[in-house]
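The following pair of complexes shares a single chain, subunit A, combined with subunit B in the former and subunit C in the latter.
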Partner chain A sequence: MASLSTNSLSFRAPSIQSSRFSQVLRKPSSFQAISFGSFQSLKSLRLQISCAAKPETVQKVSDIVKEQLALSADTALTAESKFSALGADSLDTVEIVMALEEKFNISVEETDAQNITTIQEAADLIEDLVQKKPAA
Partner chain B sequence: MAAPFTLRKIGVPPNSANLTEARRRVFDFFRAACRSIPTVMDIYNLQDVVAPSQLRFAISAQIRNNAHVTDPKVIDLLLFKGMEELTDIVDHAKQRHHIIGQYVVGEGLVQNTGSKDQGKSDFLKNFYTSNYF
Partner chain C sequence: MRISVMSQMQQRSFSIDLPSLVPLQLPSRRETHLWYILPDEVKSTSLLNRYSQLLSPNERDRVDQMRGDELKKNALLARTLVRTTIARYQTNNAVDPGSLMFKKNMYGKPEVDWQNCKDCNKQPLHFNISHTGSLIACGVTVHAPIGIDVEDKERKIKHDVLTFAKRFYTADEVNFLATKPDQEAQRKEFIKLWTLKEAYVKALGKGFSASPFNTFTIQSTPGTEGGYSLCKTSELTANPMEETEKYNGGWKFTLLELADSHYAAVCIEDDEVNEGGPMKVIVRRTIPLVEDQLISERIFL
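Presenting the complex of A and B:
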């Protein structure tokens, strides 16, 4: 960012017309470079988030899953248990996502919801959405 | 607070091309219905009578009732009727005792709680075709 500003400052010295043109020409290329870099860092950031869901979120998700699928209170639910392994069909999965939406007061998009297969993924998505949501 | 959900009234969309798209429409309908539950509870004052999870269960039970259907056009029609019902409820075109009677499990009328006839009976199938079998 700092390098970009110094470049624009130095170009202001020659004629204004050409400097504006060159600034406009310069911006897209540098912007592309920046966005590409941030895309890669976003990927690694996502990897970090997947390990960092809070245990109480995971616990709440497990409670909702148990209630929805009518499992007994002492079935062991690890963070990696898949919904389909617990006896949920696709409608059950959608219902669980809706219950989570209500509980955490978030709104899950359809594309995100299709990728949820385990409890850990659900907890991560919830954490993501709770952080992104503007603090009301 | 998540943005309040409003039911948009879209015209009749073209038929689903295949089962996958019909499936997607079923889930979209289910999501729309679940997101309208807070509005419905507000309109009909159901806060003390039923919990949102029970209403979700009632909606999913109705969908599961027809889970054996495989023809996309039939699924489209069922969804159309479901959407019509949902729009009526959200528009306050129904009354409280209708909602309680039809969707609050346990106190409601028992008519639709059984699963539909799956066509297991060969006798009836042959009966419909001819007298001699």
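Presenting the complex of A and C:
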């Protein structure tokens, strides 16, 4: 069923890296406006591509963080929210990572786990790992 | 053993101007000084404002970034504890705690920047702080890198403790936890191990990547109360229990309880002079600029 091709994984969107390059190549006029060093201009093309993780992933991470740190449901969290500013210590961070592993069915290296400092970083790492998962 | 000390050292009242801090004698080579604040004991807004004046602009910014009043207060107290404590060890002149400068080593561990502090004499002081929501601690030594970690004894772990340990601790430690009679006992021992392992990594000062938790085992030293030792497991062994390299060289560990509510682990580098010798830990509770209370002096073999 799924073993031979990477497309067999149920991604909700095309993988970020391939869509970035394929979409850019299809729009030669805007290609000139883009330098590979600056991705801000890509947002104006309204493409679902960027260095950052998807909003749904960020949302899921936020929910798990709120639960682990026992924050009230109306605490406003953004992708930039820092774990330490929310009162998370290293044990909290590791517990958050374990919860994320369970939620997304991924496996995080301990050193990567300890280096996550914001919701954005967690979401980016998750998407990176989900993408790299071998075919089932 | 609780000893209250109302000695000639104390100045209980504080005047309008910043009072001179009561000086402290440096720890001796075999001593660790452990200071802690209980945030619930610090309620006065004017006192907190005074503390705020001691911080650098960067520190104040970081305090402001904390989400919520309680977190802001604790962040403020942590920086205040570090600055006032270190300033008090300046034996020659009264040093304004606000004039201390701090820097980070290349791995991010905070240190005193003596060179950029005017009026400071360089002291061979090492320090490390740790805090939870209800206790903030600072450990100070002379000549020996130090790491400390404190945890609420009642802290709940959301995951199954053994699953957590299998993921992050060594096989020896997992086996130790598995021998505990019930989940509560397992949770307690897990927390104790966490503080000891954290204290070690912080003492090393090279960041977590240099010493992942599953590359070293900490176990209690038989015949001691609160003494622990370190065994490094080689990452290459298939069976860590058989090929454990007994490497206690260089690091002393102690585990204490503070205020009946917290475990505190202290890890210091053994120096050649004192190698294998006993470690004395002097614990004091404090409210900076207000009072100190000697809590205990204990020798750990």
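As a convention for this text, the second predicted complex is superposed on the first by the 86 of 136 C-alpha atoms of A that agree within 3 Å, B and C clash if a C-alpha of one lies under 4 Å from a C-alpha of the other, contacts with A are read in each partner's own complex, and residues count from 1 in each chain.
Just so it is clear, a residue touches a chain if its C-beta (ideal position, glycine included) is under 8 Å from a C-beta of that chain, and two chains touch if they have at least 3 such contacts.
Note that the coordinates shown come from a computational prediction; the quantities given were computed from them, not determined experimentally.
Undergrad: Please determine, from the superposition on subunit A, whether subunit B and subunit C clash or fit.
TA: Clash.
Undergrad: One more residue to check, A:131. First (subunit B), second (subunit C), both or neither?
TA: Neither partner.
Undergrad: Which partner chains sit in contact with A:95 here, subunit B, subunit C, both or neither? Use first/second/both/neither.
TA: The answer is both, since A:95 touches subunit B and subunit C.
Undergrad: Based on the superposed arrangement, let me know which partner A:82 touches: subunit B (first), subunit C (second), both, or neither?
TA: second
Undergrad: In the overlaid three-chain picture, which partner chain does A:105 touch, first (subunit B) or second (subunit C), both, or neither?
TA: In the superposition, A:105 contacts subunit B only.
Undergrad: Looking at the overlay, which bit of subunit C runs into subunit B, 76-84, 112-120, 148-156 or 274-282?
TA: Once both complexes are placed on chain A, subunit C clashes with subunit B in 148-156.
Undergrad: Once the two structures are superposed, pull the subunit A residues common to the subunit B and subunit C interfaces.
TA: 68, 90-91, 94-95, 98-99, 110
Undergrad: What residues of subunit A sit close enough to touch subunit B in their complex?
TA: 67-68, 90-92, 94-95, 98-99, 101-102, 105-107, 110, 133, 136
Undergrad: How about subunit A: which of its residues touch subunit C in the complex?
TA: Residues of subunit A touching subunit C: 68, 75, 81-82, 85-87, 89-91, 94-95, 98-99, 110-111, 114-115.
Undergrad: Which bits of subunit B are touching subunit A when the two form their complex?
TA: For subunit B paired with subunit A, touching residues are 1-3, 23, 26-28, 30-31, 34-35, 37, 52-53, 56-57, 60, 63-64, 67.
Undergrad: Which residues, counting only subunit C, touch subunit A once they are in their complex?
TA: Within the complex, subunit C touches subunit A at residues 65-68, 71, 132-133, 151, 155, 157-159, 164, 167-168, 194, 198, 208-209, 212-214.
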